[in-house]
């Protein structure tokens, strides 16, 4: 499979995402500079974490105008797979490729730590390797992960099974205490209605190698690679 | 011209920063504080000679970039500098 | 000519130059300096830039060794780690700015140290920070703590450089003078090292990065003065960090350095354009001529004085090969950075600055960079020592309930979990962090090799206060012990030497003593000093801080699979103590936190014993025979054992041990801070192997107990549920905020 | 009463956020934009009945907490809600 990792000025998980798909999962991978106005043929695009444009103004707000985003939209409407992680998720929200917005964490502090996610949907290209109810341990590292969306859209997200991950405790229970940032209904990751775009705040690329002490993130990449094979 | 732009959180959107400031004010002993909302204030200098000219431009800038319509409202005034 | 103030006696004094210094200037120049030149000379000859009080005392530090590629003198030190790779690291202080504006002060400190690393061509891969605040209940402490931590997070996280470790201390001696020391380590290919040199007359000098504003003018002189009420008036000079621009600068510089266009490069730190240009010229034995009209400016009407002394952040100065201007400019423009050719290298050794066609500065670069005055300031043993030395344990009442004391200690801010701090730092970005903050040392892997690098920063400034020489030694010994506990062989150190006013003989004595101790220990551990920083004048209204020689040490793990962590792994494992319990209470956290005293001689350090304990521990880890290793530091063996029980990321373990010390009091045994002790745990059937290693190294070894259950049991002194201990420890800092 | 408080960076202090927004507006084609400065806007509701009463209080709150005197200036208006 061929992955494209979009590099915005200020992206800083671009190398990590590249490393994972290229060296851990042995797939093709290329960096795509944000000023490009043409997109080569990729099977999956990753919008990596970081601080595009310093997160100045709002996270993801300025990144949405990068020339490459036009192509990303076209890629999306053609059904290509797009994975937005952390800041990449924020860019997808600002671009309206996914619904909602990110606000400052409830604690008003940056939070970097491992926590647990409950897998809510296994019927997507990003999660097909798992089963609903699976618990995954993954790190978060963000300042703005407090997901907000209006009530109507929230209901649609629920009804259309677009909520893929929720923050949960070590028993798998989705509780207020397990919510690290104040996100509505403990939402940690969602997809679009067509299910080819996913955004998530936790970092699967940080937990896909045994030397890093946690491999739960592999599920995401393995799912995508499986789905990619089917797509072909 | 100078556009003064105010971006505030929509009614109904929880404002964690405002809450935190309110809390700090209270703990400093300001017991008459009933509510605090935090927003952004921007000053944009524009090379137009009339307010009327710049108004639609500023509106567009707000819609496109300066405010996020999912969570924020905006308003602005345009003055000579 | 322009309207510049006339250089008067008054003005010279305001610039912090003494009469003798000014006479020397006149002698060298053969004339009076003009206003801009006076400004330039005063910053370059300030304590901060010139090390005039510390130079002679630093000469004895060991700086060479087998693997050392670059010692002090460049922007950072470089150590060979094999595989064609080297590590580049340095530590810097940003104490004064952080006290005035904690968020921006700490943030720009991080920005500065990052530039020091990537200016050598290295990609920064990990940072550490060492923070010291006043007493927790001091009215400013919380504000400063919040601001500093947020500032480090704000800058470092945005840059995508993980902050993998550090230390935080609280002590009333820092009430008016906090310490913010930041460290960064980068990775570099050995054949791709860049230096701050302006070789080749005729080569263009290029400015890149943020525009120059009126930021931080006289930052360097500020760092060379005591604080007083007037300090706050200097506030408008506070620099604001722009990590986004720095991130662009980092990527762009690494891209440029990947070509063969660059001759030399240096960041603009303290004293901005002045310092970078004269140092680059001086190192190469050349001169530099600059035209100020070409310098990108943020504000209108900036004078040569302001342009030359501005400390605007996120700027670099490059010398590139003649004819490559366009290629270099294009790369920077790709990254949306301001770039401008501001001058050229000359062969006359002068720093010459031209404004509006007029030469406004003409001073030999060497004079500025290398020939500052040097002082051998008088030193004298401080009075307070004769008081603090008179300490006797007998005068300390032994607390009744040791379990309760342990709980109190675990919850005290200097021992409690520092997670509140490091949770705000992205410590995992770059996916190299194998041991996250929370163990004795952080460990990162080196992608593409089997290797790992361990890093730690340590200093117990209470020890340094009570015995500067010993305190300096212990800072090195403890760093080394922390690295060894993570499975690494120590390689080298960088330091930040933080002290009060060097013009006072007792401060100078502290400085001299602790530097000697540090030096002695570095020689014995074979860990040369490859760079560092001296911060004097950490005083407010005459009150100096404890002498604080902070040490950051870096070590190598040849097989990353054999790294080690501090927490117990399995019920049933044997628990072994390497080293001896001597029960010293002087200078301990117990004495300070429970009895409110800072007295006594600090614990002794026998270097032979220390080395033998470390050798045994490291060998055992490398043989793969042990499961955990933790050193005993603040709070003694009781605290160390408790941490072994609950500090791991998975479940807690209990432990029951029997420890001995000849007939000593319970509190001395439990909370004394004898040096050279490591607690390891291992499978029972590896005990004999461990014994053999210990015997060969002459290391005292005692099997003290076994992992298991859910309580911490020490002799008949302590018997307490681990969860209770853990809660006290986890909540210690957060509860106080 | 409602206090509207504007906190802006002092003149001469670098405003990275404003700079980034300006740059973005420029590259969106708004070539008449000459300068952008970003600040904070706060609405504080206070349980006082007269503006005169609340004025010194608001000033104090600004000095103590709402503005960072090292790098920021502030101004405010007080109105009935």
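Read from first to last, the chains carry the letters A, B, C and D; within each, the first residue is number 1.
By definition in this document, a contact is a pair of C-beta atoms (placed from the backbone, for glycine too) under 8 Å apart; a residue touches a chain by one contact, two chains touch by 3 or more.
Since the structure is predicted, the reported quantities are computational estimates derived from the model, not experimental observations.
J.: Which pair wins on C-beta contacts, A-B or A-D?
T.: It is A-B, judged by the count of C-beta pairs in contact.
J.: At what distance in angstrom does the C-alpha mean of subunit B lie from that of subunit A?
T.: Computed from C-alpha means, the inter-chain centre distance equals 30 Å.
J.: How many angstrom between the C-alpha centroids of subunit D and subunit C?
T.: Distance between chain centres: 37 Å.
J.: Distance-wise, how many Å sit between the C-alpha centres of subunit B and subunit D, to the nearest whole number?
T.: Comparing mean C-alpha positions, subunit D is 9 Å from subunit B.
J.: Tell me, which residues of subunit C touch at least two other chains?
T.: In subunit C, residues 242, 244-245, 336 touch at least two other chains, as defined above.
J.: On subunit D, where are the residues touching two or more other chains?
T.: In subunit D, residues 16, 20-21, 24, 28, 38 touch at least two other chains, as defined above.
J.: Where in subunit A do residues touch two or more of the other chains?
T.: As it turns out, subunit A has residues touching two or more other chains at 53-54, 56-57, 62, 65.
J.: If two chains touch, include that pair; go through all of them.
T.: By the stated definition, chains touch in these pairs: A-B, A-C, A-D, B-D, C-D.
J.: In the complex formed with subunit B, which residues of subunit D make contact?
T.: 6-8, 18, 21, 24-25, 28, 30, 32-48, 54, 57, 61, 64-66
J.: Taking the complex as given, what residues does subunit C use to touch subunit A?
T.: Touching subunit A from subunit C are residues 150, 153-154, 157-160, 242-245, 247-248, 334-336, 422-431, 433-434, 445, 447, 560-561, 649.
J.: If you look only at subunit D, which of its residues touch subunit A in the complex?
T.: My answer: residues 16-17, 20-21, 24, 27-28, 38.
J.: In their complex, what parts of subunit D are in touch with subunit C?
T.: Going by the criterion above, the answer is residues 9-10, 12-16, 19-20, 23, 68-71.
J.: So in the complex, which bits of subunit C are touching subunit D?
T.: 100-101, 104, 210, 213-215, 235-236, 238-242, 244-245, 298-299, 312-313, 336
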